[in-house]
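Okay, so subunit A shows up in both of these, paired with subunit B first and subunit C after.
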Partner chain A sequence: MSGFEVERRDKENISCLYVKGFLDAHTAPQFEEAIQNLVDEERFKIIVNLCDLTYISSAGLGVFMGFIEDIRSKGGDLKLSNMTSKVYKVFDLLGFPNLYEIYEDENEAVDKYQKA
Partner chain B sequence: MTVPKRIIVLGVLSFALIIAGLSISRLLLENNLPLADSIVSNLLIIFGINLIILMLFGLPRFQTLSTQKRLAVIGWTSGIFILFSLAMNIFMPDIITADYYEMIESGSEPINVIAVSALVYCTLLLASLLYIQLYGMILINQKKRTRLSFWFLYVIILSFLVMSSITKINPFSTGITDPEYLFEYFTIAVGILIIFLMVTNSYRNSWVNYLNKKQKIITLFTGILITLFMILVEELPGQNLQITLLTYSHSSGVFFSIIRLFFLIYCMMGIISLVLHLPTAGIFDRKVRQLTSLFQVSNAISTSMNPEKFLNMITDKTLEVVGANSSWLLMNDPGKNGFRLGAFSQVPKEILEKIKRDKFSTINNWIIKTKKPLVLHQLLQVKTPALGNEIRLIGGSLLAMPLLEENNNVAGIIYAWKESEFGFDEEDREMIQAFANQTVIAIENIALLEQRMERQRLQQELDVAREIQLKLLPKEIPVLSDEIEVEAISIPANEVGGDYYDFIKLDDNKWGIFIADVSGKSISAALYMAEIKGFIQSLAKLYPSPRDLMIKVNETLYGNIDRKSFITMIAAVIDLKKGELKYSRAGHSPLGYYDPDEDIWNFFQPPGLGLGLDKGDVFNNIIKEETIEFKPGSVFYLYTDGVTEVFDINNEEFGENRLQELLYTCKRESKGSYIDAILNKIDLFSSGGKLDDVTMIVVKMKENEAEKQ
Partner chain C sequence: MTSRKYTLKIPSQTDNLEIIRDFIFKIAEKNGLSGEIAGSIELAVDEACTNVIKHAYSFNEKENVRITVNVSSKRITISIVDHGSGFDPESFKTNSIDKRIRERESSGYGIFLMQKLMDEVSFDIHPDQKNEVRLIKYLK
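After this line comes the complex of A and B, so read on.
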């Protein structure tokens, strides 16, 4: 299995997480920690850029669910962007597009935050 | 102890030989045939000596005596010799007044031949005993050649006995008389060789090393006494064993002289060795004690698994090896209450109370900080304030040794206390250090064992869970109707899985078919799987529409499932009468449908959200119910993502496309099991690698026979 990495970049009050590699039950805690850190810092406007994500399992999808309610109740959001078609298929199968805003490009998500 | 028959036979035979030898020589003498005196009788006696030695070797205990016992046997035997000789000197000064020959002629011989034989036999027996015990001493720590060199000596001695009985030359007691013939020179040369061999054999006294100091001193003084007496007693004016024996039987006398000389040489070598060892005996003993206790401690690690007993052993050994007055061991459990008393040995009441009160916390803290052992030579003089004032009260000297784990954690502290000041030297410190190392190993061993037992226990519980979970899946596949063939399987990746499938008869014409996949793995997934089974079983008949059922299940599940977990599912209802299948999909993998009219495999993915993700606002709006005509020749294929999310060695996914192709193949070949074909294929694809939970249901409607014709 290839590894997994999360990189974080902050743009003003928006934080962007770049996830890379395999997101499964083993690597999910890593991703969870990254989001938890943002929540702890009260940075609730989050974009997750998935351009380098090669695989996501149900445990990986669970991570988004674990935080979304909390983040939204604090006026923030988790927006997703730059999914490959393969990853989008997984999200789509589960009906995630109905729960999350998914953008083709990260900038669209940023615009959306800034306009709001 | 029963004496073996062989030994009795040898004893009797050897005694008979001695009597025969002595009788012959007397007979010859009485008949004035002096020339023949020797050879025949001496040869008989030499043969007798051989049998005695053989007999003594046959005594089983003689081979296995310990060094101390052997020393005792040697001591007693030589003592008897000395007493024997003395007794002869004091009580029978006239036993031999002149030449034996003359004695017989004048008829003044004081004892008869049997008595003489008994005397000779006893002496030979004692001499042989001594010889064999010396052999035993020499063999301790034997090398390859030790045995050989000893037996070489024996053979040479026997040859010398034969030669000497011819030449009457005996350098061992009567000294060397002027040799006249070549053979006499040769005899003397053999005698010298014997002395040389005795000396070389006498170097082998490594047993000295194995005596402790006390034993060394006792052995040394006994050895000196015995040696002195052995020399003196034979040098006294008047009778002694040597002269008596020589008079009656030349070869017995020579044999005795040789053994006596060998014994004396061996004694002197032993004494020299003992004297040389004596100054270091104390240190040697201490080292032996240290090694022994280290050995015992490391032995205990592998055998005793009772931690308390082991810690007690450590404090006991600390007392024993460094000679401390008290020793105690504190175990550190930083997670809990810090230090606790693990074991103690001979701790006076007042110190014990102090230990229980504050555990020497100042010293403990100092050691935790420095990770180094601490030696306080004069507790009354301690001036370092960090160590606290109270320890002054105890007096004496104190050593504290940390038990350092691999990660440099202080797992505990061994304490040793002595009444006297400056009680601990560098060696004591090293010794306790060694104990500390062993203790750390033991503690780690115990922890590992506990871990292993815990794992075993978990495994057993998982096995039970697996049994239970298997019972939650259909035991057998139901017969829906004569026209319909059903296959189903569920294989968990681990002991328990998160996949679920079920068939429920709703009424005479309707069957519910369900397949679900709980996110996550193992125990949590298995528990939710049981939960969803409960929901389906209780709600399926109440909500015959798959969409309604899903909405109800979602409503019930939401809030009763961890926020990070969710369940995907397809609920389908087959109406046999109408020939249709209604279904809803909640985030699950698509439903495969083979349309016989079009000869095509479709994968339907109607909108639907995973169960448990949303309260219902989104879920209820999205979820759709679809209807498919269930006509002859059509096939439904339901699966969990364990079928498609299989990876090959290049990390490439098996995927839906390959699955679809495979289903076409299955359909074309028409015969045989779909499930077997698919399982084979994905197993091959993953090269036998580990699969996720895999579940499949195949529902086939037989082709219309009439139509076919």
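After this line comes the complex of A and C, so read on.
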């Protein structure tokens, strides 16, 4: 039991990753692999739903940072949704809300992709 | 309140970060700190220990990280000690963090987070002898 799970659901050309548990230096490679798989399949419209993420450290934040430029340069994005206040606080400490689109609900992120 | 001291010596593995976080969070809670402050301290200690595991010991699982927590009525002090290769804390100052974010670097945010989360962060680095990170949170 690694304390972290990631589940993927594809909705047409949008892929949603549901992350659960804690994202630290031990589990970050698992999350990185999930995003890398999407990039390899050229699925660049990604939503990460964080509703069941209980904890994140800078190792987890680094995964978002490692992919964002590449994904945006391919016309996609990494949009985040359903973040708890505890997890949002860590994003906020680094000023990440200025870099990423963060939505209260996953459907808002889906709408944004569909209307783009 | 007399001061209380807790010590954890644990193998240098990322798998043990969860145990380290539980250790810190439970001590903070047991000593009456709010969940929010306990969470901040937990994250700062995670960042310090991640640096030791990754950088000081380069994932060598035979090495150990020693964490000592002192709680008094005025403050909680956490000392993280390793005997690894050390690093230059100056290279992680705030201006270099802005640069890291601008350049979308995927690592190097740990010390910055520690400084944001704690009241005092200090380093005593003696590579391959003894390196110590000291984190302090003042209690109201």
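Throughout what follows, the second predicted complex is superposed on the first by the 114 of 116 C-alpha atoms of A that agree within 3 Å, B and C clash if a C-alpha of one lies under 4 Å from a C-alpha of the other, contacts with A are read in each partner's own complex, and residues count from 1 in each chain.
We take it that a residue touches a chain if its C-beta (ideal position, glycine included) is under 8 Å from a C-beta of that chain, and two chains touch if they have at least 3 such contacts.
For clarity, every value in this text was computed on a predicted model and none was experimentally measured.
A.B. asks: Counting only touches as set out at the top, which of subunit B and subunit C does A:H26 meet: first, second, both, neither?
C.D. replies: A:H26 sits against subunit C, while subunit B stays out of touch.
A.B. asks: Tell me which partner A:C51 touches in the superposition: subunit B (first), subunit C (second), both or neither.
C.D. replies: Neither partner.
A.B. asks: Considering only the touch criterion stated at the top, classify A:V39 as touching first (subunit B), second (subunit C), both, or neither.
C.D. replies: In the superposition, A:V39 contacts neither subunit B nor subunit C.
A.B. asks: Does any part of subunit A touch subunit B in one structure and subunit C in the other, and if so which residues?
C.D. replies: The overlap between the subunit B and subunit C interfaces on subunit A comprises residues 25, 55, 57-59, 61-63, 65-66, 69, 93-95, 99.
A.B. asks: Using the touch definition up top, name the residues of subunit A that touch subunit B in the complex.
C.D. replies: Those in contact with subunit B are residues 1-2, 25, 54-55, 57-59, 61-63, 65-66, 69, 93-95, 98-99.
A.B. asks: Using the touch definition from the top, list the residues of subunit B that touch subunit A in their complex.
C.D. replies: 517, 519-521, 563-566, 568, 586-590, 605, 607-610, 613-614, 618, 622, 641, 645, 651, 653
A.B. asks: So in the complex, the part of subunit A that touches subunit C is made up of which residues?
C.D. replies: Residue list for subunit A touching subunit C: 3, 22, 24-26, 55, 57-59, 61-63, 65-66, 68-69, 86, 90, 93-95, 99.
A.B. asks: In the complex, go through subunit C and note every residue touching subunit A.
C.D. replies: 14-15, 17-18, 21, 39, 43, 46-47, 50, 53-54, 97, 101, 104-107, 109-110, 112-113, 116-117
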